[in-house]
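Residue numbering begins at 1 within each chain, and the chains themselves are lettered A, B and C in the order written.
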Amino acid sequence: MQTGNLLLLLVVMVAGAYFVGLRRSYALARPLGGIRHLHSLPFYFAMRSAMWCAIPALVVLGLWLAFDDSIIRQQVLAGLPAELQPTDASSYNLTLSKIQNVASGALPVGFVEPPIAAAAENLQSLRQTSAMAMTVVIIVLCMFGGAWAWLKVSPQLRARQQVERVLQTLFMLCATVAILTTVGIVLSVLFESIRFFGKVPVTDFLFGLQWSPQTALRADQVASGGAFGAVPLFMGTMLISAIALLVAVPVGLMSAIYLAEYASNRVRTVAKPALEVLAGVPTVVYGFFAALTVAPFIRGMGESIGLNVASESALAAGLVMGIMIIPFVSSLADDVITAVPQAMRDGSLGLGATKSETIKKVIFPAALPGIMGGILLAASRAIGETMIVVMAAGLAANLTANPLEAVTTITVQIVTLLTGDQEFDSAKTLAAFALGLMLFITTLVMNIFALHIVKKYREQYD
Amino acid sequence: MSETTEKVRKTLARRYRAEKRFKAFGIGSIGIGLMALVLLFTDIIGKGYSAFFEYEIQLPITFDAEVLDVSDPRDEDELNYGNYQGVIRDALAERFPSVEGRQDTRALNQLVSTGAGYALRDMLREDPSLLGKTRTLWLLTDDDVDLFLKASEKQREDSRLNAKQQQWVAELEASGETRMVFNQSLFSYGDSREPEQAGILGAILGSLFTMIVTLVLSFPVGVAAAIYLEEFAPKNKFTDFIEVNINNLAAVPSIIFGLLGLAVIIGLFGLPRSVPLVGGIVLTLMTLPTIIISSRAAIKAVPPSIRQAAMGLGASKMQVVLHHVLPLALPGMLTGAIIGMAQALGETAPLLMIGMVAFIVDLPAGPLDAATVLPVQIYLWADSPEQSFEALASAAIMVLLAFLITMNTLAVVLRKRLERRW
Amino acid sequence: METAQQLDKPSLGNNDAAKDKAINERDAMTQDTPYPDQTVGKPFVDNPKMRLRDVEVFYADNQAIHGVSLDIGKNEVVSLIGPSGCGKSTFLRCLNRMNDTIDICRVKGDLHLEGQDLYDPKLDVVELRARVGMVFQKPNPFPKSIYDNVAYGPRIHGLANKKYDLDEIVENSLRKAGLWDEVKDRLHASGTGLSGGQQQRLCIARTIAVSPEVVLMDEPCSALDPIATAKIEELISELSESYTIAIVTHSMQQAARVSHRTAYFHLGRLVEMNDTETVFTKPEHDLTEAYITGRFG
């Protein structure tokens, strides 16, 4: 039976268990003189039955689906004659896909060696057996669970507590998804990175000045090794992020100050949401704007004053990224500025300071830690921003600090290395994960640090 | 007058100038932000509005059975293999009898879109009696012709059409044999190599399936996690660890989630590449922190007196939460969910990682069909060398922004309508 | 920034709960006590430093002060007393136009500082506040060093040309505020690290560093312990030799100890003003008597 149908059947059976449980509890209650003589409401007896019916079956189903494929694959490959046994990872994948293609009918049987064809048949039959077995096991589990729950129903049964405990556990599992995600991220980038560092030494990666990940297609090509020195990438990322922050920090900060301290209510209600619209625009739109409007404009401007500007200049990407971050900076700054107590303002104004003196000499220094935290968060966002640089920054890994030249960034390289044709084991693909690891660590450290500062700052005035 | 007053007076002019300067900086900053917004929108609308329209040219088409090589229009096979380009070529040759030579004839034939043939086939399928008859029809032009007709006098000099083609098109235009119509293919087709036949329906469907998966997964899990953290979680290291994780995940670059999807969901669990299901799972992990954080805020906003009232009646903790807190917090949670969805709808980078960047012509029928999404479609088109795709990308951006604005407006309205002030 | 929210600040003395309480008290009082149409006692003096007539203050449509008229003489300490929400803080904040920072607040009447109209549109509020300084209810040192706190005013107003002058101003101010001996070794430590009483004396030093003519004090001791309070009171007496001081206080004992004249406010009206001794020994008005004998407050 197909998984989808099986799930449908499961739903029907669970609903059945619910109603049977409900009926049973009412039936038990009637001779006692009504449901108030039961420990819990009939609803909880019904829910308990449904849970007994559903949960074991779902757990088994999930495990089955997660692991049956790999187990079957192992079985099939183990059945191959010795000379066809895969020796390394790439031939493993090749053999496997051959067998799968024959099994699915995409590759005619005549095109492959007979043992492969036999293996394909083996695969088919194993899959069928597995599906059959799964269906039977699930249905049996369902029925046993339901029956067990039905048998256990009694007026004294603490059904509500049991249902609530299950529910609470379920809620907790949902909360741990956040941890699982982090663990998943760490493991996936770490695991592949370690494999990468097995091929390319860590020091070459961290301190190498040459980045050209194109490994040769044929062994006899020149320069076939590929170079994985990531320094030009780090520099490019820093250059573009720095330009972005140079735009976003003063503009965002001053907008926040103006809106918080000077603007009338009318101006605030218009300007604030308008700036927030900038935060809601998808990054791909900014990328489009940067690549097709801002970059040619800057290039044209540069040419008209005799400067040689690359068509994918760091300046264009950085400027547009800065625009993107403005609302981010301004809303964070707004938070910290409004958190400065009114007493500080009164104290300064009471001495005869003007508003700008109060802001510059009292509020700004007082809010500085919070603002620094906000800037750090903005920087981490600039470093991790992908689409703008993918569309508007270059691919060539130039080691330069000139904003008019093209540079490339970590995120650009991750995207280029992982889109398009790829083999999963080459140093080129693995390099993307190593870059991902660098990106993750950098942003993580910045975020933790920034959140810590901001939290400490808030506590100071709470 | 005291000494202080005198000294203060001396500084006043300078200080008020500084005050004015400072204020001007503030106004300037807001001006820069607003100007960027206006520039962005006018640029995109300016580039994209023309993609909502397309040019057609008028030609008398003869459905000649011999040229078409179709004897029975009811036979689907014959119909599909008919030589529709042939009848169009004939019609063009008739309209411009002076054109001779292979090169010129080919140039002439390039004026009409290759998609026009399918339109003729569909027409013939609808009405088999057309076979052998002549009809004056409006045919879709090639994108270069379309661009030429939309262009201004000055821009026409840069057209990709050669001099003769320009002359022919100008002739058609002058005699009223061209017209501009609403670009229906934009909303009824998937991607295509030919700009005039490319549409965003495939991408919209892909986005829709992805969003459904994201919503179905992230909302219940997010709300359940928020309830646990706000109402049940004991104050201990484990809870703190969960909170630290949530806060950090909210700030992890989205591309990292793409790497996670590639390595774990595709690599480890063996789900197929390029499908909305995987995209939805990745976006779920990405939006979950947003939804959890806003849901927690909504739960926090429910006053403790409600909880105490219910507890006082003997309700269990779980009953208090499910019967009282959750319904009261639901509007706030929904608002958060919509904002999270809007974020996910505009997200591109992680989807590139899991292969939703393929060139896909067919419309996806479900979350397990290979598909692309609207932002990725924009990225693909923006990267295409052909100029017409630029307008298409802008048009797609306008559609995407329309969706986002609708969702955000909905969130604001929801918040205003349903939010209670205690 | 300055929105209606600020009206909830207790320092303004018009918070709702307090107001309700006051209204209830008034209702209880007015059953047996006539409410005054006019201020009793002697609110006016010859040759005053500040001459205030018919002052009315509104928050949006709420009138907080009703036709208050009084004088503040040169080098005298005037204390303003009354139950919570009676408008004494609001009145005080009119005297250096701190109410300007509240959008919805409007002030009417004639307020003069040595013949200069405080609410004259041509008058510069920066200059006014340099002449009329203010000390707030809660000590609010800036998160800067002690030195920078005191030097803040002289710096922004350009009162010292050289570092030496500034040092002198800082030292003098700290000495006058009685803080010098306690902090002279750690002038560059943070002002927020001081104890509550020291912080408040630092704020006073900060205020007098500008050499104002009038110092307004809005319940300066309400957040302090008795010992710190005693020090501040001592300081006020010393300062009265060179400054004119108006102090809002909750404590009648404090008013009796530090002030030359006392004004009793009740629900936005000035009920009685007289020499401090007279007010506390022979109050003319029943409301004043009720307050000082502790029947409400």
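As a working rule, a residue touches a chain if its C-beta (ideal position, glycine included) is under 8 Å from a C-beta of that chain, and two chains touch if they have at least 3 such contacts.
Quick caveat, the model's predicted, so the values are computed rather than measured.
Chemist: Going by the contact rule set out at the top, which chains touch both chain A and chain C?
Modeler: Looking at chain C and chain A together, the chains touching each of them are B.
Chemist: By count of C-beta pairs in contact, what is the leading chain pair?
Modeler: A-B
Chemist: Report the inter-centroid distance (CA atoms only) between chain A and chain C in whole Å.
Modeler: From the centre of chain A to the centre of chain C is 58 Å.
Chemist: Between chain B and chain C, what is the gap in Å from one C-alpha centre to the other?
Modeler: One centre to the other, that is 62 Å.
Chemist: Can you check how far apart chain A and chain B are, centre to centre, with Cα atoms defining each centre and the answer in Å?
Modeler: 20
Chemist: What parts of chain A, by residue number, touch at least two of the other chains?
Modeler: As it turns out, chain A has residues touching two or more other chains at 352, 354, 357.
Chemist: Which chain C residues reach two or more other chains?
Modeler: Within chain C, the residues that touch at least two other chains are 126-127, 130, 156-157, 210.
Chemist: Give me the residues of chain B that touch two or more other chains.
Modeler: As it turns out, chain B has residues touching two or more other chains at 8, 15.
Chemist: Quick check: in the complex, which residue numbers of chain C touch chain A?
Modeler: Residues 1, 3, 6, 9, 96, 98, 101, 125-130, 133-134, 136, 138, 140-144, 152-153, 156-157, 203, 206-207, 210.
Chemist: Would you pull the chain B residues touching chain A in the complex into a rising list?
Modeler: Those residues of chain B that touch chain A are 8, 15-16, 18-19, 21-23, 25-30, 32-34, 36-37, 40, 43-44, 47, 220-222, 224-225, 227-229, 232-233, 241-242, 244-249, 251-260, 262-264, 267, 269-270, 285, 288-289, 292, 316-318, 342, 345-349, 352-353, 355, 357, 375-376, 378-379, 382-383, 390, 393-394, 397, 400-401, 404, 408.
Chemist: Tell me, which parts of chain B touch chain C in their complex?
Modeler: 2-5, 7-12, 15
Chemist: Which positions of chain A touch chain B when the two form their complex?
Modeler: 66, 69-70, 160, 164, 167-168, 170-172, 174-179, 181-182, 184-185, 187-189, 191-192, 250-255, 257-259, 262, 271, 274-275, 277-278, 280-289, 291-293, 323, 326-327, 330, 352, 354-357, 359-360, 377, 380-381, 383-387, 390-391, 411, 414-415, 418-419, 424, 432-433, 436, 439-440, 443-444, 447-448, 451
Chemist: In the complex of these two chains, what residues of chain A are touching chain C?
Modeler: Per the stated touch rule, the residues are 260-261, 265, 338, 341-354, 357, 361-362, 365-366.
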